[in-house]
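Paired with chain B in one complex and with chain C in the other, chain A is shared by the two complexes that follow.
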Partner chain A sequence: MVEENGKQDETASETSKKKAPAVSSEKIAVVLRNVGNAPILQKQKYNVDKNKTVKWMSNWIKGKLKLQENEQVILYIAQQFAPPIDQHVGNLFDCFGTNDKLVVQYATQPAWG
Partner chain B sequence: MANDREVLREVWDGRLPIKFSIAEEDRELLLMEKDPYYILVPRMTYLPLLPVKKHFESAIPVTDSSDNQPTELWFSYQDVPLKWQIPIGVLYDLVGGDTLPWEIKLRISDFPADKLARLGTTIEETVRSSFIHNVKEAGYMKHRGAVMMHLLPDQHTQLWRGLHRDKFDDFWKINHRLMEHIDNAPYRCVPFRIYTGIHDRYIQKFFKPMTEDEKLTTLGQLLKQFKPEAVVELEETDDPDIIKSYEVAEGWKVKIHGIETPMNTPIQWLSEHLSHADNFLYIVVVKISS
Partner chain C sequence: MTGTLTEERFKEQCEALVAFSDKINDGWEMRRDLDDIYIVKKVKLPVVFRDDNNKNPGVPANTISVKEAESDDDSSEDQITLEDSDPCPFSPSSHLVTFEYHVVYSTSYTVPVLYFNAWFSTGKLLTVEEVWKLAPPCSDRYSYITQIEHPILARPFYELHPCRTEQLMGQMGSSEGDTYLVSWISSMGRDVGLSLDVRYAMSGT
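Now for the complex of A and B:
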């Protein structure tokens, strides 16, 4: 996903340099979708470092949703399975990414088993 | 479709002799002395499912004196905490160093929360859930979930119980369906994980078991793509009709279920016959210290 750069008056050479993929090779585009009663996030699209784990993403989303300590965030792929918490985002993107992004469902209760 | 029953049976019957003893640093916490526990375990099972706790139970305090929380058991080998989500056979192939019985230490303090996931109070359920989700993930990779979706919860249970209770026939009655070829096609991609160390990032990527021109891809080709330093090409050739041959590079070992698997083995066959119970092919790639 393109990161907004906000610059209005860049030169042609600056623009052509920016034609390279806006997401650096270390980050991948993630789209977060809520499941069931999980609150909807204001912003759904993020660029995530591909070395982050599922566990890290769960905690990060939990923080964004301002959940209580005893609440949980469970992540799902393809509305079918929960990837292991020690799995890396880069692997998930390589296996399950479509159209240059990884769609991840997040839930506060078990949704698909 | 996983037709070679003899191979399936041999893989299922793979066993490791393990000696469990309380770690030196925890001896002073014990309520009484306990002899080590010797047990022959299936390679395919998981550490928390073993009756180790039961053996040492009378010697282990119920609460951890440092934080008054219930004592949390964990396992280590040469000070490396052992991840319970990894099947025992894979753990051994990664760090066991060919010595048997494998001597594992039982720890009852200083739970390394940065390295290990907690099991909670419902240990079997936690392991079961992790297992079933791996099966679902593998199913999605093979058939986009087309088979898995039609399995009833009862059948998930049968799969789990088959593994847990060492019932080969019960397990494979369900697992055969997960090994199916839909419309006689090979799998969409092969569920595999390359492990180089217990706490290293594992490699899991999209890899097709068959090329566009219907040639079966091999273990060597998979490793060339995702762990190239571990293999060498046998014949330098640009001829696209010759399937490249590989062998393991000097100083490296590649093991599946403890077997140094030939590099020319088709990945489709490996997926059907040498996967673990969760339907993932665990490929251990380690550097041997010279």
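Now for the complex of A and C:
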């Protein structure tokens, strides 16, 4: 599926300019919220390819937060549930998306000990 | 923000979880031992052990899609046997492993604790090194997965140390509500192959 204006976003960082309709685009709108002591991201809203996995998103956020190698990012949806890491974000959007977006909370788990 | 759970809430949430599991055929069972209750789930998963060179960095332990099989069979998970694959447990080939997870309440930590055992289709139990290979390389798996006596059954199980639980669950702030157990299982289990169906989060369990 090609996006309406013919441009393919490689990164997930160009969003607020164009609000792609939730149905026709291959991307879904995600809003990232920090949990507890996790650092706050400069930018919270992204369009993410719906085939990306939870694992991909965790690593991507980890990179954005510049975490250490042995720290983890854990994602939560519906404010309670850590989805399986091989789950596609598109599935999560279908189940839990509201108002055309998926709210994802992220927690960081520091190195143990 | 506390990350603990009272025993009473633990029991209530176990019952709710098992009731929902029955509806969706997810396999959780309630076990009782005098006043204690705990829940158990058994599942078979194809597992790929990462080798030390991290050749398969992106393969989670609970992956269902078998990595490119050496044979050309229409290889579903069920057809993998140890004879077909490299018997060395540190190779990147898949093994069908049976996991048995137990969620038991710890009165000293006042949180649930995850215990599990895992064995190959030959019946051979996974060694502690193999179990460590299940957890993501970025976490300090050597410290927090240890072999210990199951508090009720009194035989050896692997345990995810409860130290991490309070810290993580405290961030979620779910001690007050009914969602602690769902949050907890989905968070803690991910490192050792236990995943929770998304429908639990939709059920209000």
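Here is the rule we go by: the second predicted complex is superposed on the first by the 86 of 113 C-alpha atoms of A that agree within 3 Å, B and C clash if a C-alpha of one lies under 4 Å from a C-alpha of the other, contacts with A are read in each partner's own complex, and residues count from 1 in each chain.
Keep in mind that, in the parts below, a residue touches a chain if its C-beta (ideal position, glycine included) is under 8 Å from a C-beta of that chain, and two chains touch if they have at least 3 such contacts.
Just so you know, these numbers come straight off a predicted model, no measurement behind them.
Once both complexes are superposed on chain A, the partners chain B and chain C clash.
When the two structures are aligned on the shared chain, A:G36 is found in touch with chain C, with no touch to chain B. In the superposition on chain A, A:N51 contacts chain B only, with no contact to chain C. For chain A, the partner touching the most residues, choosing from chain B and chain C, is C. Touch criterion met: A:H88 reaches chain B, while chain C stays clear of it.
Judged by the touch definition given at the top, the superposed model places A:A78 against both chain B and chain C. Taking chain A as the common frame, chain B overlaps chain C at a single listed stretch, which among 39-47, 201-209 or 255-263 is 39-47.
Common to the chain B and chain C contact sets on chain A are residues 55, 77-78, 80-87, 91, 95-96, 112-113.
Chain contact summary for the complex, chain A toward chain B: residues 51, 55, 77-78, 80-88, 91, 94-96, 112-113.
Put simply, chain A touches chain C in their complex at residues 35-38, 55, 69-72, 74, 76-87, 91-92, 95-96, 107, 109, 111-113. By the touch criterion given at the top, residues 1, 58, 60, 62-64, 136, 138-140, 143-144, 163-164, 167-168, 170-172, 174, 177, 179, 182-183, 186-187, 190, 195-196, 198, 200-202 of chain C touch chain A in their complex.
Interface residues of chain B facing chain A in the complex, by the touch rule stated above, are 83, 85, 117, 129-130, 132-134, 136-137, 139-141, 144-145, 148-149, 156, 189, 201-206.
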